Amino acid sequence: VADFRVGILGVSDTRSRGEREDETTGIIVQALERAGGFQVAETALVADERDAVEAELVRLCDDVGCALVLTTGGTGLAPRDVTPEATRAVAPIDVPGLPEAVRVQTAPSFPKAWLSRAVAGLRGPSLIVNLPGSPGGVRDALEVLLPLLPHALAVRAGGGEHGHAGHQAPVSGVPTLRPEPGAAGGEDA
Amino acid sequence: VADFRVGILGVSDTRSRGEREDETTGIIVQALERAGGFQVAETALVADERDAVEAELVRLCDDVGCALVLTTGGTGLAPRDVTPEATRAVAPIDVPGLPEAVRVQTAPSFPKAWLSRAVAGLRGPSLIVNLPGSPGGVRDALEVLLPLLPHALAVRAGGGEHGHAGHQAPVSGVPTLRPEPGAAGGEDA
Amino acid sequence: VADFRVGILGVSDTRSRGEREDETTGIIVQALERAGGFQVAETALVADERDAVEAELVRLCDDVGCALVLTTGGTGLAPRDVTPEATRAVAPIDVPGLPEAVRVQTAPSFPKAWLSRAVAGLRGPSLIVNLPGSPGGVRDALEVLLPLLPHALAVRAGGGEHGHAGHQAPVSGVPTLRPEPGAAGGEDA
């Protein structure tokens, strides 16, 4: 069984300059390992600069060929928080229910979750999902998202009714994504 | 009491080619009949092609004069799923709470509901709402939406504070929509 | 402790013409007073005209220097309801969780809350949040929002990791906003 390739992008001025330890990447790596079915292809850190975030997202999707890119940080209301805008710019097909699920399901125990401006979007065969910047926020968000991601990625890669290879627009230079075999189709959602 | 005119548009490659039976239209017709106050003006099936979906939505709103158009299918993450983008293109005034309500209220029993990219939007006097493509998903979504739709349509047609005829921009060539008399106004929401 | 400057904008044809009493502004003023930490800098009423709503929002943010602008009304499905579109046009940085929180948390007791098209957005250092047009709707929405707003405004004004003054793009002619000292940072959300 081939695993989904995952890229992890930490978005933070202080973490990218090494002024603060990046705990979130390690938390995600461990959670994906425990869940199974994922292979972390690359991790990166970048400052809260929209152009830089967009460039890294494009690279992780198009060059590294990640089926899933998880970002951490930059989703709040601070003046430097630009991760949602960068994500939307490179992945314009909105998947609103994923950040909605995180807000709705984590807010009962952490009301500030309502302030997250996180988005999720599709870029060709790749799904990008914004996570919070704090270790606790990442853990909470993954608990909500991990049960949903394998099906989401399998459908995106071509499982289900719409999944015949001929239907998928070829994206030149993109490595083949490897879905879980047997994953179900797109008519459920 | 005149009823709201409803159009039902199934969006699916296999259903539009007759390769798979379309169960969802019948489910909607029966649910609207049971609820009362609706008149199904037309049903149609179309492939998962954005241009074709947009053209059918425009036709059902502007030519057939539907106050409500319900779509089924094409709202997932599969490469061919384009219903939300087609809907947004022809009905740009967002009504985010309707798909939000469906996701939030159906996810407890069907977590994959979070993966629905369904949207709802206004096109002049018409409301378009995306439903899932599976029979069970349609049933669940209607259970959430049906109690909300009569009030929504009455307000859109001109009930309430903002509803004086003089306020509503005339749309040439659009048949008159028939709201439920006595429905309440727009200041509640 | 300096307070956050707040502008309150009632959006309503009948209230702006004096044909109906505006109860919502008084409700907001009292709720902010009880909560503490806010200073109402200005209140205004405007008709349901998109240009006029946009102009008032810009004035309250840029000229009056409000850290927070709360609107009431114009968020439903009536043909004259344009508050969300006006807000989005002048405050394009989306804060989706705030209206989501109001819908999700008030709908159990008032299902029509799902029909609210309210949005929240950032315009430079200012946060604009749409509230319903009815007195009861305003009360319900404030109950959800008031616990979240002080942290949101403090982060926006420069609290937390991203909050160093040098990071914030200067907006010429905007009076300095006064956050609550000691408010926490942007990495939580």
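Things worth noting here:
As written, the chain order gives the labels A, B and C, with residue 1 at the start of each chain.
Keep this in mind: a residue touches a chain if its C-beta (ideal position, glycine included) is under 8 Å from a C-beta of that chain, and two chains touch if they have at least 3 such contacts.
Since the structure is predicted, the reported quantities are computational estimates derived from the model, not experimental observations.
Of all residue numbers used where chain B meets chain C, under half belong to both copies. The two sides are thus made of different residues.
It takes 120 degrees of rotation, in steps of 5, to superpose the Cα atoms of chain A onto those of chain C. The mean-CA centres of chain B and chain C are about 30 angstrom from one another, to the nearest whole unit. Among all residues of chain A, those that touch two or more other chains are 96, 100, 104. By the touch criterion stated above, chain C contacts chain A in their complex at residues 93-98, 100-101, 104, 122, 125, 127, 147-148, 151-152, 155-156, 158-163, 167-169, 185-189.
Residue ranges on chain C touching chain B, taken from their complex, read 12-14, 20, 48, 73, 75-81, 84-85, 96, 99-100, 103-104, 107, 111-117, 132-134, 137.
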